[in-house]
Amino acid sequence: MITLLIAVPLALAFATIPLRKLARLILPVVVLANLVILFALKPHVGKIIELGSWPAVYGITLFFDEVAFYFLSFVNMMFLVISLITRDERFSIPLLVMNAALNGLILTADFFNSFVFLEIIAITSYIISTDKDNALGSFKYLIFGGVASIFYLIGAVFMYVQGGTLNMAYSSYIIGMSNPELMKTALVLFAITLLVELKVLPFGLWVPDVYGNGSALTPVVLGSVVSTATVYLFSRLSLTFVDEHLPPVFYYTVLASIVLSQLGALYQKNLGRTLAFASMASMSTVVASLLTRQESVVSTALFYLFTDALAKFVLFTVYGNLGVANFRNAKTTGIAFTFSSLSLVGVPIFAGFWGKYYLLKALFEQENYVLAIVVLVSTLIELAYVTKWNIEQWFAKKETTKGEIENIDLPFVQKLFVLLSALILLVIGLFPQLLLDKTNLLAEKLFDFQLYRDIFFGKGGM
Amino acid sequence: MQNILLVAIIGSVAGYLLSLFYRRLGPIILLLISLYAFAMLWEIPSNTAENFLGYDVLYLTTLGKYFALLSLIVFSAYAIFNIVWIETLKTPHAFNALSILTLAGTLGVFFTTNLVVLYIFWELTVFASLFIVPMSKSEAKRAAVWYVTITAIGSFAFLFATFLLYSKFYTFDLVEISRNLSQLPKPTIWLVVCSMLTAGIAKSGVFPLHVWLRNVHGKAPDTFSAVLSGQLVKMGSYLIALLLSIFPVTTLFPHFYGGVNILSYILIWLGNVSILVGTLMAIKQNDMKMLIAFSTVANSGYILIGLALLDQVGFAGGLFHVFNHAIAATMIFLSFAAVVYRTGTTKIDELGGLIHRMPVTFITYLVGIISLAGIPPTSGFISKWMIFQSLVSRGMFVTEIFVFVGSIGSFLYVFRPLAGVFLGQLKSKYKDVREVPIIMQIPMILLVLVTVFFGVFPGQVLEFIVGAQKEFGIDAFQYEGTKLITSMGYWDTWIVFVMFAVGFLIAAVLYLITPKGKKIPLEDQYTSGEFLHNFDLYHYASRFYAFLEREYGDHPSLENLYASLVNALKSLGKGIDYLVSRTASAYVFWLGVILLLLWKGW
Amino acid sequence: MAVAARVAGVLLTAFFFGLTFEGIGRKVTARIQKRYGPPWYQNFIDVLKTLTKHGWTHGWIFDFGVVMALGGVIATLTFVPLGNFVAFPGLDNFFVIVYLFTVGALGMAMGMVGTGNPWASIGVARALTLMLGYEVPYLIVITSLLYNFKTSNISTIVEIQSVNGWNIFRFPIGALVAFICLQGMLGKEPFEAPIAPAEIASGPMVELSAKYMGLLMLMNTFMEFVEISIFVDLFLGGGNYFEFLLKYLTVWIFAIMISAVLPRFRIEQAVYFYWTVPLLLAFIQVFLVVAGM
Amino acid sequence: MLYDLSEMFREALSVPYYYLPLFLVSVGIYGIVSQRNLFKQLVSLGLIDTGVNILIISLGYIQGMEAPIYSAVTPIAKFVDPLPQALVLTAIVIGVGVLGLGATLLIKIHERYGTLELDELKFSKEHQRWQEIMDDEGDVGV
């Protein structure tokens, strides 16, 4: 049943190639269907699905647990919103394919499959990032992604050669038992690939050119959806299957990335690029927290991830459609923008505050002062430019003339979703426990390799 | 307390909606909320704990009550003044809503000893006020960014300390923390206390984090400057007072000089430098609002010195100075707002002679500066006297230099707007200026009365101060009625006031029995025997203290230092941007390098 | 009632002896400058004459300023101990007197600038700047005394001196500094720039006429009286009423004699001077006091 | 202890059939780093791809074993590992997709800027932005 999440969008994508218009209409329906299936299957979490009835060791398997469920729901909901607000039919088919691949990426329990899905996501991302005639940025992304993905492939094959199976659970168990050092090497290879998608600095240098090109679609899809799915994969690989920390150099790179990308954002004179750098910084913060491998920190990192994705969705949608806006003529949009950006910084009563609050609390409980200070310093820098851009747009100098009136505000549907997201941020800000309970659960499951393994071994067995 | 906060928060939404119909309703709602809160709060005894939205976080200390009541006075005056003044704003709705929200936030700060709740309300205040700042002048946009950034330096340091304490004690309650604080190792205590104080220092505009005040106070909407200087800055002083008194500072830190511990001594030095910087910079300003902004820096220094002394007299003096400066700054900024309302400029040398057109505004300013400069019989003198007494009794002579320079210097700078704006030749441009409407006059007159009243009968204020001192185990300041007593002697505000009246009476009688003078126009002047065709220029206002200014004209500037620091950070950012703008080839190279690094280990 | 009598006593003393000593001062100056000089009662004539003439006023603030100036100084005067003759025992707090004093100064400054004449503004600006100069070393020296005696009541210090001997001998450096500052307070050469008749047409006084002039002359007399009295009380041991007046006259003549032979500093030179030499000396005094010598 | 790179190299160099992938990947990386022409960069990416694919196949190679084809004559279980070969097939397909997409993008870039040389591209991008600014100002003027 869960297989439909991958099969249906993929099949429909290829079926509608001749009928682009139809694809645009089909996209929301498909995503909605995905959501329905998901929620229908919610009682059945904690299952594996073996395709073609091969035992898990040899065959292709999907793994569906709470973590996957929540990530899938989030990704599909974001997709639903995106599909509703996008009017550009050029990207409907790539979006369908991407949806399939994202679902696949989250569900799969097989190294090589995850590589394939990752590549499909990458290719569709390249296509989507050509929005607004941005072929050059897209090409840059392609070179980055292309080189990086090779490491993942090597990693996957490496796991196979050492462990004798491509199944994540089995091969990491076997290697973990026989030679944990090898497991770590493979993880380093995987991580390098994922860091490109996770926008950590030396690897995320493509981001400003791709996000900052003025498109509304690209940064939303890449920033809010793809990154989230990648975080899932990254946390699975680095938390569930490995018991050890990645080499410290990763941690330091990510820390540097947080501060440096904030500085990059501070310098920018273009709002799009500022937001691009900001999303690099926040994603780096999430990665840094994941790298600490502490359950409480990881839980808050996920909290931070979800609220951040939502906030970035609002910011990029507003920027993509309006550019540097004059909010006096678009008050609702302006309020949504301000709420989201304040949430991004972590101003109290917005969701982002609790993200940073729990993060700091967890970090201090673990006595991890370095990351805490880095987070505080980066927040300070972020605060400066976010304030600047908010004020710039609320107190814009130019008075709008009558001719411009049509495009001074978002269209209704977008405005609705933007406002809705901002309100969700506010509600989570007022009742953070709603989300925190979930992320605590997720973090607990992420760390529970025993459970993951038991599900497999109970089912398949060697 | 919960009710007050909820009313204020809901009121901010109501203020927004109602001002959509009629913009003057917003200030009226603010006024009503302030009055309601004042009446409610007056009845609540101190040391009351209350729930807020089901969390047991509100706790009213005497100190908090004192500051909250003071804030409400400032906000009430501000609200009344705004009823008319609001007409000049382009965005009255947001202004009203955010003003009320600022009140809510600031009251929240005073109502809690829970560090996180305090932080939340603190940030609420900052962000509510942040968006008010650029509402009238577009130059204020940059100022607002500085405001929020520098305040955030403080509040993040505070947050850091909060979590550090949490990781040690697993509580956010300040009272409980202070009980166990001495268990921590020394460096940690230093780190925690200094980080927390940073928030207060940044907010109250004490050196070295004072740089935001000039532009924010100077360019914010005119009436809001009154709240900024009279109220929001006091939030910082509140935090300093709370932390210094609730932590057992005197036992935690070793004694240094004259019965003052080392931490207090450092704070006193910050206060000293603030006074010096604030005074000298204020003397230089040609913009009257910026001038008072720097005076706020100097007065925050006074408050800090008083509070850091942490004794019977000095601490009380610091707290009393909070009251005085809040009221005085509000009066001064409101009178400036009145001037700007009629003339549209804040430049001292563009104005002149307004006393002949706006007498009530002038009186407000006059009493304001008398209090600010600490001249009896206004309340401003009492606090200065207390601080002086404490300093002298400890023999802190170096600090005295700064305090005296600040005190005499304040005569210099407050006289500059007095002479340039209100006195001197009336500019022909402003011949037809009228006094501001009666509604704007009301708060000004009320504040004048408040200042003089508490200058003569300081009992009520002292009661709060003594309460706060007792609460934190400091020896209480002694007073009997209007007689203020210290170990080095006492004085009686009432007798001084009476003698002042007697002296005045004698002078008035002398004046009245002597022949009456003949009224002649301002243009009828000694002109060194020259024929003057333009009396607009016969007015000494620009570069009033030029002979003094040039003595320290090429002083080092902290503002420039910070600006260049930001530029340095930005050029780092530019470096990152350069990396981005290079094409892919370079990056893969980097990728390789990183990979190698990984393999070699760290 | 006794209080009222004492207050009247102080005020009348200041009036009669203040004016008389001023007259004597004029005589002394004239003799130093090889002139004959006016009679000793010339100042009484001046005050009475000006008070009976019709003058001009530039508006209510001018009138108000004059009244405030005189009223403020009178109020200050009532708290000043004349040796052991004190109107309000225990209330002669040094800081109260110093700050009450500024009410009069502010009134005068306000009234004079209120005339609308820029020379007055320049004069006031100079006066305030000069004040910034002399007050700092002065206050440092005086507070070192207060610290030493653990009281800020002037009459207590007077009493202590009657037992221990005069402070001018115990604290000679402090007395020197205080006297240099006194010269500035009195506005005598070389610190005369705020008035400087030849430069800025008498500065604050430029627009004064008739009774306004008279009232301010009175005010000036009282101000001088307060300033010198504090010096006499703190350094010369105060003494009884007549001793006090004698000491007063000595200090006054000394100051007059110095002023008669010196030219004037430019204003920033004066501030620079005060903040270097006297301030340094003041700190030597402070060091001696703190070290217990 | 992290995995030692020099160890890995020594191991790789001891096996002759690793030489080719190593060479190809090195050439590819050098190409991407040094070339200022976008098309050449893409080709370099292709070279790396190929190199890695060969590497994967060689990983599955076992000395002296036969091709993994079932027939009557082949002895059972004397095969080389067939799975890497299957994986490589997929990888090749994906690689082709990426290269194809890259080529498409290059065509678009060429259409827009008229060149694929990075140095010229930079200039023309600058030029274009300048042109846009001029256009905007022209609008305001009119």
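Every chain is named by a letter (A, B, C and D) in the order it is written, and numbering of its residues begins at 1.
To be clear about the criterion, contacts are C-beta pairs under 8 Å (C-beta built on N, C-alpha and C of every residue); 3 or more make two chains touch, one makes a residue touch a chain.
Everything quoted here is computed from the prediction, not taken from an experiment.
S.K.: Could you name the chain whose CA centroid falls nearest to the centroid of all protein CA atoms?
M.R.: Checking distances from each chain centre to the full centroid gives B.
S.K.: Using the touch rule from the top, point out the two chains with the most contacting C-beta pairs.
M.R.: Chains joined by the most C-beta contact pairs: B-C.
S.K.: Averaged over CA atoms, how far is the centre of subunit B from the centre of subunit D? Could you give it in whole Å?
M.R.: 64
S.K.: Can you check how far apart subunit C and subunit D are, centre to centre, with Cα atoms defining each centre and the answer in Å?
M.R.: 93
S.K.: Which integer distance in Å separates the CA centroid of subunit A from that of subunit D?
M.R.: 26
S.K.: From the C-alpha centre of subunit A to that of subunit C, how far is it in Å?
M.R.: 78
S.K.: Among the residues of subunit A, which ones contact at least 2 other chains?
M.R.: 139, 143, 147, 188, 247
S.K.: Touching two or more other chains, which residues of subunit D qualify?
M.R.: 1-3, 32, 38, 41 - these are the residues of subunit D that touch more than one other chain.
S.K.: What are the residue numbers in subunit B that touch two or more other chains?
M.R.: Residues 583-584, 588, 598, 601 of subunit B each touch two or more of the other chains.
S.K.: What residues on subunit A touch subunit B, complex-wise?
M.R.: Its residues touching subunit B are 139-140, 143-144, 147-148, 188, 192, 201-203, 205-206, 208-209, 247-250, 252-253, 260-261, 263-268, 273, 277, 328, 342, 347-349, 353, 357, 360-361, 363-365, 367, 369, 372-373, 376, 379-381, 383-384, 387-388, 390-392, 394-395, 397.
S.K.: What part of subunit C is in contact with subunit B in the complex they form?
M.R.: 7, 11, 51-61, 63, 66-79, 88, 90-91, 93, 95-96, 99-100, 102-103, 106, 109-110, 113-119, 121-122, 124-126, 128-129, 131-132, 135-136, 139-140, 143-144, 146-147, 150-153, 156, 201, 206-207, 209-212, 214-215, 218, 266-268, 271-272, 279, 283, 286, 289-290
S.K.: Across the complex, what residues on subunit A touch subunit D?
M.R.: Answer in residue numbers: 112, 116, 119, 122-123, 126-127, 130, 133, 135-136, 138-139, 142-143, 145-147, 150, 153-154, 156-157, 160-161, 166, 181-182, 184-185, 188, 247.
S.K.: In the complex of these two chains, what residues of subunit B are touching subunit A?
M.R.: Its residues touching subunit A are 91, 116, 119-121, 123-124, 127, 130-131, 134-135, 138, 141, 144-145, 148-149, 152-153, 156, 159-160, 163-164, 166-167, 569-574, 576-577, 579-580, 583-584, 587-588, 590-591, 594-595, 597-598, 601-602.
S.K.: Provide the residue numbers of subunit D that touch subunit A in the complex, in ascending order.
M.R.: So the residues of subunit D in touch with subunit A come to 1-3, 32, 38, 41-42, 45, 48-49, 52, 55-56, 59-60, 83-84, 87, 90-91, 94, 97-98, 101-102, 105-106, 108-109, 112-113, 121, 125.
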